[in-house]
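Note that subunit A is present in both complexes that follow, paired respectively with subunit B and with subunit C.
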Partner chain A sequence: MSLVWKTTRTLAALLLLFFVVGPLLWLGVLAFAGDWRSPDLLPSTWTLQWWDTVFSDSRFLDSVVLSFTTAPLVTFISMAICLPAAYAFARFDFPGRQFFLIGIFATNAFPRFGLFIAMASLFYTLDLMNSFAGVIIVQLVGTIVFMTWIPAAAFAAIPRSVEEAARDAGAGALRVFFRITLPMAAPGIIVAVILSFLAAFDEAQGTFLVGNPDYVTMPTQMYQLIGHYPRQVSAVFSVLLSIPSVVLLLLVRKRVTGGAVAEGFQLR
Partner chain B sequence: MTDAPGLSLRGITKTLGGRKIVDNLDLDVNAGELICLLGPSGCGKSTTLRMIGGFMNPDAGTIAVRDRDVTALSPERRPTGMVFQNYALWPHMTVFQNVAFGLQVRGLSKAEIREKVETAVELVGLSHHLRSRPGQISGGEQQRAALARSIVLEPDVLLLDEPLSNLDAKLRVRVRDEIREIQRRSGITTVFVTHDQEEALAIADRIAVMNAGRIEQYDAPDPVYRQPATRFVANFVGTMNFLDAQVTSAGCALRDGTVIQVPGVRQGTRVLAIRPEDVRLVEHGQGIPARVVRDVPLGHYRDVTVSVGGQELHAFTPSTARPAGEVAVVFERAVDFAPDGETAHV
Partner chain C sequence: MRRRPVTGLLAIAPPVIVIALFVGLPMVSAMLYTLGDTGGLNSTIGSIAQHQHTPERGWLTLDAYREVFADESFRASLVATIVVTLVATVLVTILGWGIALYGRFHDGPLSRLLTGVSIVPMFIPAVIGAYSMLTFYAPNGMLRTIGLALGWDSAPTLSYTLTGVTLGSVWSNLPLTVLLISSGLGGVPQTLIDASRDAGAGPVRRFRKVILPLTTVPTIIAATFSAIGILGSFTLPYVLGPTARNILGPLMDDTYSAFNMPQQAQVMAVVVFGLALVASIAYVWANYRSARRSEVLR
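== the complex of A and B ==
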């Protein structure tokens, strides 16, 4: 039993490694590949020219700068709007609470492109097409569900009595929120921030529709690259695109593996 | 000790969901006194405590601490300190930080905070856990950390909401005695909410027995136990036998017609309330005829069930006795109530 279990587990781990790390590894190699023909396992020549192509072209660089501007900004705005909402959903019973909660979820339950088309026609009348603000708003849409639902669950999991105990000790409402409630909800909020940042960073459909032609982020640049450049350039871009995910995961690794995040979700 | 009452409630009323939880309640607690609000769940004791702490507003009535009306004050402005049933310690802070929080809010200097925290933590015997987080210490230790967090702020009134209910039986008795000792030493006026009558009898200067939003009796533990004011109190506090009787000048006629003599009982249809330790088992023929139905040895004593006059009674007897068969009982003392449960007569 235990040997079978061990073998199965090892196989599963290897399979996971193959499917997760395999493509990334292939991309990494491809980004430096000069001449690479099948069935060769490795390229016959290596080069940095694709990186040079990307970094010497101002369009590419502009998209990198834009992506690293919009994604943090969107995440920040999303926090400012959604965290208070999440707290309200968790703590107060107001008319329409259920309706809004389900509504936020429902907008993500359908293919988002329909939503973007509807937004685009609205954006035309508001003169938001091909604008920075338009890109921000369209990217915001994909983050709201994460930034509302996950922190709401985190806030709801905090017993009211710990907040009451802080008021009993003499703290006003604001101090209670920042010293007690927020730190206790932090694991859930961190997860929401990561997911929101990545959602904003990876958003391509809406950004393409609204931002084209002047506001081109990295993922939308990808779409245009695929048709016009060798696939090695796409590989370079893919590597650049995965940098934030890797950095974010490394940053919170200690908290995730240390159990703070898992504890926040009572997964331990 | 000052003459001002530690705490006084006047005409406190609270309705929740259309139900009167607390009904025109008056309560006075002397300065330095520890009182228990005792009652079954839903009797309004916790609601009353939360209103004293400011976590709920009464629909009517006033709450005064040392003659100062605090009814309109929010919890952070009240001179009250609460220990919650689940302790409500802040899990992301160490024991030191938990206890220090309220002092920081008050803007004390670092040195003052350190000194006060150390004194309070020493008082509850938790000095070795200053750097621990609540998740790393036991339930009893968490309980004491919560107590230290409240008393470090030197509240005029300390509020304890079933603070022992999450502890196991042995620990409960120990922490109970510790709380009593700490309260005595610090001299803080204390309101202790519990549904455990034994806890209340053991710890309180006075017990307010609550039922359906009202106080049925407010007295020291002995009178509450020996002279229950209402049938509810007689039934809720301790174990009690109830005997239906028709009382005439000839004596008390039990259900099956047996007539017994119990002094001082009023005439009419009455319910006699007799403590099991006041039912003395004697040799057959020397008292009211009785038959042993069950005999349960409980270690310190035996719980003997006897059939008297067509009703069953509990008698607590020394564990060395071995009563069996036909015996007799003598009632040492009894309290009588009207059948509707009101007004006692001792």
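== the complex of A and C ==
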């Protein structure tokens, strides 16, 4: 390998690391910064006072609790209603199959903001404004594409012969599904669950529109922090808000890069 | 695939109903509202909106579209949206290709690190990603600080600029692009590449004649998803973008929340939706092509 190629490669890799991880790193340092004068590479004093500010304010903790209530609940509801559909999309032929598969995607192409304005009218009519149920619905809508498409691809990838062999060996339909199909599709389903959880956890615009002022989740809180509090407070909150994501990332990194997501984005 | 019309339709009913009720219905009523309809679901919003256009004669009118398209700031934002979307989509596709190619042909700790790092933005909440880039590209941010330390005195401030929004869009769409293209490249049989090498094809020719044709579909899918995501994005341009001449997401918000003109905001949403549909044509075509090819292979 030539020296030029090695140098170029190292530089390109460093540039990519800087571009992708730099912003998060910088924010992480900011969360502990006391006095930090501009061209200095690091703060001259370090402090935990911004963490105190966040933890001593009950509004912040309330939003943490709410976020960790809605996101798991939404993910669970999404699994319950979408997984049977994903299986049907993968295994059954029925009228309108292609239409519904593309339809679920097409509705995703309408800008969220316009959708939420229009949704507000419907929510006023159904008395869902400023309600817990309204927040759940707004977050649920964004998870459906993940929870249908990715598991559908996972189910479709299981050779039918495996299921048929189990049937021939005398296992009933339900037994085959729970002992054979579900475990084999599990990696794809887990990725879908994680992406749905993140989508629900991350949803801020609709949650703000529907839940404000009584239901404030962590990301909606973050919107309100930016510009109204010292930068360090936003940085601390960002670090807190990233913890679940980073934990999930570490858990499923292999599966995600292994192709479960990529498979899910191709229509069959 | 077994024909199971009743079971199939019953199984897909729950998510389809949720989407139809909470996305489809509002979408349709939003479109009718932009054409001047203020009945039904639109009566609430119609009664509080200002500067609303309703038809003088007949049922529908295009007046709201005329007003929005006559507006200078809307046209500037529309152009900005299209340019940012195109530039960011091209950049993220090139970058994604680079990472995926390196990962495919140089398996090692470095390539695994790069692939791993490039999917990180997928797991970071949008508002955090946007805010972290705001501080990163700020006058006292990391780019300028490191730039100055390395002797680059004129390192730019990209916070509150469209260049910043473009780079931010590349950042947030990198994971899916890398995943899709890597998966496509993984599907190119090594035997085919070796065979063309044995037949005397150089690296450029191997890439053009063997690798590229087999990865066109995943590339188009990745680019479409990036483009649609950027067209409809709100958080990133809202946090990181300029106050005026930003892309359409924040302008919609201003038009609705600050000026109380939901009809005009919805016109913009419909325009963005139209652009997204244009972008999706390539996606549906690519899927159709790959479905046909896999049928041929079977």
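Simple rule for what comes next: the second predicted complex is superposed on the first by the 243 of 268 C-alpha atoms of A that agree within 3 Å, B and C clash if a C-alpha of one lies under 4 Å from a C-alpha of the other, contacts with A are read in each partner's own complex, and residues count from 1 in each chain.
As a working rule, a residue touches a chain if its C-beta (ideal position, glycine included) is under 8 Å from a C-beta of that chain, and two chains touch if they have at least 3 such contacts.
Quick caveat: nothing in here was measured; it's all calculated off a predicted structure.
Asks: Mind checking subunit B and subunit C on superposed subunit A, clash or fit?
Replies: fit
Asks: Determine, under the contact definition given at the top, whether A:64 touches first (subunit B), second (subunit C), both, or neither.
Replies: Neither partner.
Asks: Taking the superposition on A as described, I'd like to know which of subunit B and subunit C A:31 touches: first, second, both or neither.
Replies: The answer is neither, since A:31 touches no partner chain.
Asks: By the touch definition at the top of the document, which applies to A:236: first (subunit B), second (subunit C), both, or neither?
Replies: In the superposition, A:236 contacts neither subunit B nor subunit C.
Asks: With the two complexes overlaid on chain A, check the angle at subunit A between subunit B and subunit C, Cα centres, nearest 10°.
Replies: The angle comes out at 90 degrees.
Asks: Please indicate which partner A:150 is in contact with in the superposed arrangement: first for subunit B, second for subunit C, both, or neither.
Replies: neither
Asks: Classify the contacts of A:74 with the two partner chains as first (subunit B alone), second (subunit C alone), both, or neither.
Replies: A:74 sits against neither subunit B nor subunit C.
Asks: Check whether A:189 is in contact with subunit B, with subunit C, with both or with neither, and answer first, second, both or neither.
Replies: A:189 contacts neither subunit B nor subunit C.
Asks: When the two structures are laid over each other on chain A, which of subunit B and subunit C touches more residues of subunit A?
Replies: C
Asks: Which partner does A:165 contact after superposing on A: first (subunit B), second (subunit C), both, neither?
Replies: The answer is first: A:165 touches subunit B but not subunit C.
Asks: Could you tell me if A:210 is touching subunit B, subunit C, both of them or neither one (first, second, both, neither)?
Replies: Neither: A:210 stays clear of subunit B and subunit C.
Asks: Which value, in Å, gives the least CA distance between subunit B and subunit C in the superposed three-chain arrangement?
Replies: Distance of closest C-alpha approach: 11 Å.
Asks: Using the superposition on chain A as set up above, list the residues of subunit A that contact both subunit B and subunit C.
Replies: none
Asks: Give every residue of subunit A touching subunit B within the complex, in rising order.
Replies: 159, 161-162, 164-172, 175, 179-180, 183-184, 186
Asks: Touching residues of subunit B toward subunit A in the complex: what are they?
Replies: Per the touch definition, subunit B meets subunit A at residues 53, 55, 74-76, 78, 80-82, 84-86, 88-92, 101-102, 105-106, 146, 149-150, 153.
Asks: What residues on subunit C touch subunit A, complex-wise?
Replies: It comes out as residues 1-9, 11-16, 18-19, 22-27, 29-30, 33, 41-42, 44-45, 95, 98-99, 110, 113-129, 131-136, 139-146, 148-149, 167, 171, 174, 176, 179-180, 182-184, 186, 217-218, 221, 225, 228, 231-232, 234-235, 239, 248-249, 252-253, 256, 262, 265-266, 268-270, 272-273, 276-277, 280, 284, 287, 290-291.
Asks: Name, in rising order, each residue of subunit A that touches subunit C in their complex.
Replies: Against subunit C, the touching part of subunit A is residues 9, 12-13, 16-27, 30, 38-41, 81-82, 84-85, 87-89, 91-97, 100, 102-115, 117-122, 124-125, 137, 140-141, 144, 147-148, 198, 201-202, 204-205, 219, 222-223, 226, 231, 234-235, 238, 241-242, 245-246, 248-249, 253, 256-257, 259, 261-263, 265-268.
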